[in-house]
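Below are two complexes that have chain A in common, paired first with chain B and then with chain C.
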Partner chain A sequence: MKQTRRTFIATGAAATAALGMPTILRAQPSEYVIGASLPLTGPFATAGQLVAPAFTLAEKLINDEGGIGGTPIRFVTEDSGYIPQNALANYQRALATEGDALVAYFGDSTGFMKLVAPELTGDQARLMGSTSFASELANPATNPYQYLAGPSYQDQFDILLQNIKDAGGSNVAFIFSNTEFGRDPIEHGKMRAEELGIEVVLEESTKPQGADIPTHVTKLAQSGAEYAILQGYVTGVWPQLIGGARQFGLPTQFMGTFWGMEKLIADRVTAEAGPFLDGYQGVMPYRYFYDREDAPRYQLFAEAAKEMFAGTPLENYMSTWTLQTMCALEIAIKALRDTVEGGNEPTPDNLAAALSEITDWDTGGFFGGPVTMADNKIGTGRVYQYSTESGLFTPTSDWFTV
Partner chain B sequence: MGEFIQFTLNGLMAGTIYALIAVGIVSVFKATKVVNFAHGYIIMFGAYFYFTFSVIVPGAEWAPDWLQSWEPAWMVAMKADLPMFSPMGAVLDWLSNLPRILLGLTGAVICNALLGLLIERTLMRPLIGQSTFAMIMITVGLISVMSGTKGLIWTADAEFVPHIAPNTPIRLNLFDTPIFLFGADLVNVAVALLLFGAIVAMVRYTKSGVAIRATAEDQSTAYSMGISVPRVFSRAWVLAATTGAIAGAILATRNGVSPSLGLFGFSVLAIVLMGGLDSYVGVFIAALTVGFLEAMAQWQFGGEFAEVVPYIAVLIVILIRPHGLFGQKEVERI
Partner chain C sequence: MITGDLKATYAADERVLNNSYKQTFVLAMAALCALMPFIANDYIILVASQMGIMLIAVVGVNVVIGYTGLLSLGHAAFMAIGAYSIPILHRLMESIGLPDGIMPFLAIPGAIAISAIIGIIVGLPSLRVKGLYLAVATLSANFIIIFLIELEAFAPWTGGLVGLNTPDPNILGWQLDTQREMFALIAALAFITILAIQNLFRTRVGRAFIAIRERDYSAEILGISLFRYKLMSFAISAACCGLAGALFAYFYARILPEQFELALSLQLVAALIVGGMGRTMGPVFGVMVIVMVPEVLKFTFGMVAGGAAEVVQLRAPVQEIIFGLLIIFFLMFEPLGINQLVDRGIRALNRWPFARG
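Here is the complex of A and B:
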């Protein structure tokens, strides 16, 4: 084709338009936004209200550190009442109001994460962390944008069962709430126990609240279990079960997973009902906040919290639930920074790619050492034991990575 | 065999508590012909009032120390020599908690009585003479109101409350199987049976009871015979609320205080329908049957089935006898 002045100008204009289009479509925002749904009311309001201030703290720290490649970050939180449909509506509202500036979202439940998963395509997709450790979510093939800020419940069972094996245990009871949360790791746990040569002598399903404690304790007593792993509870049932078993003088060693490992709950139970949680063990993905000698990131949080939350419970102690949220936010920020500093647009696909490339990352003390994001989760944790005398959970095992 | 006895006992003990809950629904129905769908939430309020007066108030800064934990020197000396969680330790723990347990029970009964009175005066009495259906619908609406109000007053966290009796463990060996019972459960059963018996006797043999029965038969005739029907209504609601307070306190000691206690009312409503809405005896038998079936399902099939199997039995009974096992058959004359 003959090149004339007219075709040259036309071709040049088209090329310029093509090159400039992405910039026009996805202009650099003046700020990045991370949205969140929190259960500020409803059954987990206590946890939600403890977690909410973490967003203020994280926003200040991240922006003080220069934001994301110089662009500040802003957090937008809304109440969900722990109702997945409300959280989904919050997410859709955040997409509509914030547009491309919304780069990531934090969900408040497994229910929400599963509900929103099919929606996360095209323009509707965003990088998404949550409070959930549901095993099903840790699957990049089906949930490429969703991640766990620690080990899945199945991983946590693996850690506990390995710990039982290492301690010479020969049998275990699984006691779980009859919810998705409770049932999540049970089948996997049975398989893992068999591999390790540990007999599962009881699988006991209970109501998530208001369970018939005497009947469950009776079944546990008759099973003769050396160990009992409790799964699927937050503030209720598990302390009553342990209390009932202790009153019967059962020697069973009780163990819990992440949501049954909060010091504030253990302290309150001790104050209200006596010292029966003494010796209770469980798996925790993170260090406790008071164990910050080797955790520079925690030290930074503590300094900021002293100033920002003076006179509130957060001034001196950050709950495990708050730490989980902080960790989920740190992961999102890490993926964002890696993407932007690598010269890429923070699109959901780029962020998901950055997420999967997180390897040997020094989190500043959340975990025992550098961690790797494998299958959109960090399969690390260790076993802690509660002492009613000190009111502290202290480690009884090394860090396990599964 | 030993395990069968164990779960039978567990089931019967749970059944007596269901019966105590059910007595409130029957009492209100007998006097007013209103099926109180909100009875579970009245029980939940009873549990939270018990929690307030046995945990929150004694723990307040202004409360005297002995209210939180009464520990005279002799008790401290005795406790020092005991191993942790010993049976005698359980008795001593109960004794040191006794002041707050008594305050809790008194507070719960009084507050729930006032609650029952408030509901009757403000929501039920204005509807006397109107359709019973409207009154029943009010109790349905009351569920949301009470559930929301609870959220405004108390937290949603599961909380501990002190047992109303020493929770001494009891171990037996039957047919080479160890049988485990909680001391507090046996006392709970005794309290539930006593209260149930007292209410049935009151309805049978006292003037107030006769007035309730007469009102249940025919309100207009009861009026014309000089019975104050509004007062009968009040008494029935207060009776339901006060027994609900005790039932709530017992449930709270067994299962912890949580918003889920409100849901017990629905399970018990099914039991009441099975026994017959106006029959104390029928309801008692139905409550024990459901308790037994729940325990058997829990033993043989696990927790998921325990919530289903008994209520299938309830449905079958209602299908065969729509007015319940011992309920009065209603004959409508046109």
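Here is the complex of A and C:
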């Protein structure tokens, strides 16, 4: 072939491309992958099925915004059936199939997070958020790659106890399911109550499902508690306890933590059993989805949801569980963007460093104001009260940061 | 019974691998297991290790259900005992200053022995009740043991509801701190367990178990002590599950009480029924179906349909349904388990082209 200026340039360009390609590819992968295990079957299938569309929404929004420094992201989800070993297998499968492109993972249970934590070393490590607010996970010394998308259960107890103190309360009962989830903040809560001068008049452990309501209500009545904090329940037990107490004529003010604060459940209880949840309070790390006046991010979600989920329940309302997932994903994306835009490779260590450096971050409305990642958690939340008439949880306190 | 398989000497008839199919299968499996740590990726190693652990446990369940005919729904408890024994024994040995390198040599037999003793206690009702009644009694034992593990009073030892971090085994200075290294140990012990149990049923004890399964009072009239052999069967069975539990504890970095609940007991029995009760290879085929097939389904569906959330939302329940149908299909098509299907296949091969099946 005759060498002309044109062919010379073309050959040169091709050679440069061929030689330079590997470096370019390495620095700029074609996409970043975030894996997730969700309980799409099994005991928490309802929650999993409700949360799954959030991934589609997040993928679209984040990629519309230009992905991570121009590189698109892709979510890979898999069912775990809410079994920690299955979620671990899902994680390993994602590592094997996606390799270095997998930059973060979303776990679906405290059990999985604990099971996987010691495995997160070397090339097995990835940044990891989850549905869990377990206090044990918020420890950068032992779990540098894992984070909570909000306050730990201990923080949530702190917020509630502070709220009780501010309202002039003098005693409280702790009612909790006999599970790890239920027991998580109890010891800490007792210490905190003592510091605040609030007497813990009852510590009552119940079954997580099918609890013996009359016995627990009788004990609560005997304790004379002004406030009762419920911990470790999702759909069952807590509404029955409150219903039982109201039938008994108890004036106790009931309070819940994150998993007992879902409007869909409160609405269903009200529709099926009457308005006894009126006045129920609890701590929520985030704004509710309907409170989006000062939350530009929520407005964006709402617009996208209207379009993407038209005709489904997600069209107008995003559950607290979905918000938690969205927040966990936003945190991962924030750490990724900070790392990549800072000119670093998104390695697990760089991402963990970026995570711990998140300071005064404007989340676009998830939380009341700018938040800071301390000890791999965001210890912020406020107290809401449910009204059966409006079917809404409305804030009764300012934002607390603990 | 595999026919068309000529044996010319008694020695040939007495061999464990008494035909060329068995020899090929076992050698191929052994070669595969030996190669796996060098060629397989972490995910395959994880699934293979899970299969190995389950296999040892199902072999144990086979002793009591398949060979002795005593229905037990509580074997997850023995795995729990084995698993929890490991960190507890390690702590005890640390406190008396034993070197790390010899701990597994004491901890694994220790876990097996503790499980066997608990197995004898749990097996006591088998002396009075049979069938579904025994199933309920062993089921209760499962609940009691998990309850005790979760009890606050024992939490300093068992970790209570929160679970317990487990140590990595250190074999004479070789720290098995990766799943790959653990797989080598699991595979080796799985082979040894199958071989040991296979040989057990060529002995007086094993034949006594089979006699009890066929008709317990006839066995007693023939001079077999039901008291002794039923409890021995439970002890051996629990010992296998204890070994599986010990490996479970070494393999995973953490153990949680909820991992050993009823669901696991049912999974063990399901694997045995699908694979073939009272057959050496039954547990092997059963574990392949119960542990590997859901992963294969996830992988295949994932490859075909992708991992996008809206797809997974639909395909996750479909995968479960297919898995359920598959088990029903196996049970309907061959109630004696996959082992029987394989036997039929081998028979057909042996007689080909003269007869089928």
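Convention: the second predicted complex is superposed on the first by the 374 of 402 C-alpha atoms of A that agree within 3 Å, B and C clash if a C-alpha of one lies under 4 Å from a C-alpha of the other, contacts with A are read in each partner's own complex, and residues count from 1 in each chain.
The criterion applied here is as follows: a residue touches a chain if its C-beta (ideal position, glycine included) is under 8 Å from a C-beta of that chain, and two chains touch if they have at least 3 such contacts.
Quick caveat: nothing in here was measured; it's all calculated off a predicted structure.
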Exercise. First (chain B), second (chain C), both or neither: which does A:Gly236 touch?
Worked result: first
Problem set entry | Contacts of A:Gln222 with chain B and chain C, given as first, second, both or neither | first
For this session: Return first, second, both or neither, reflecting whether A:Gly364 touches chain B, chain C, both chains, or no partner chain.
Result: neither
Exercise. So, A:Gln247: does it touch chain B (first), chain C (second), both, or neither?
Worked result: first
Exercise. Should A:Thr41 be classified as contacting the first partner (chain B), the second (chain C), both, or neither?
Worked result: both
Exercise. After superposition on the shared chain, which partner residues are touched by A:Gly210: those of chain B (first), chain C (second), both, or neither?
Worked result: first
For this session: Figure out whether A:Pro72 sits in contact with chain B (first) or chain C (second), or with both, or with neither.
Result: neither
Exercise. Intersection of chain A residues contacting chain B with those contacting chain C?
Worked result: 41, 45, 178
Exercise. Of all residues in chain A, which touch chain C in the complex?
Worked result: 35-36, 38, 40-41, 45, 49, 52-56, 59, 75-79, 81, 83-85, 88-90, 92-93, 95-97, 111, 114-115, 117-119, 124, 136, 178-180, 183
Exercise. Chain A touches which residues of chain B in the complex?
Worked result: 3, 6-7, 10, 13-14, 55, 84-85, 90, 93, 151, 155-160, 167, 169, 171, 177-178, 180-182, 185, 251, 254-256, 258-261, 263-264, 294-295, 298-299, 302-304, 306-307
Problem set entry | chain A-facing residues of chain C, complex | 41-44, 46-47, 50, 150, 160-163, 165, 252-254, 256, 258-259, 263, 295, 298-299, 302, 307-310, 312-313, 316-317, 319-320
Exercise. In the complex of these two chains, what residues of chain A are touching chain B?
Worked result: 41-46, 178, 203-215, 217-219, 221-222, 235-237, 239-240, 243-244, 246-249, 269, 272-276
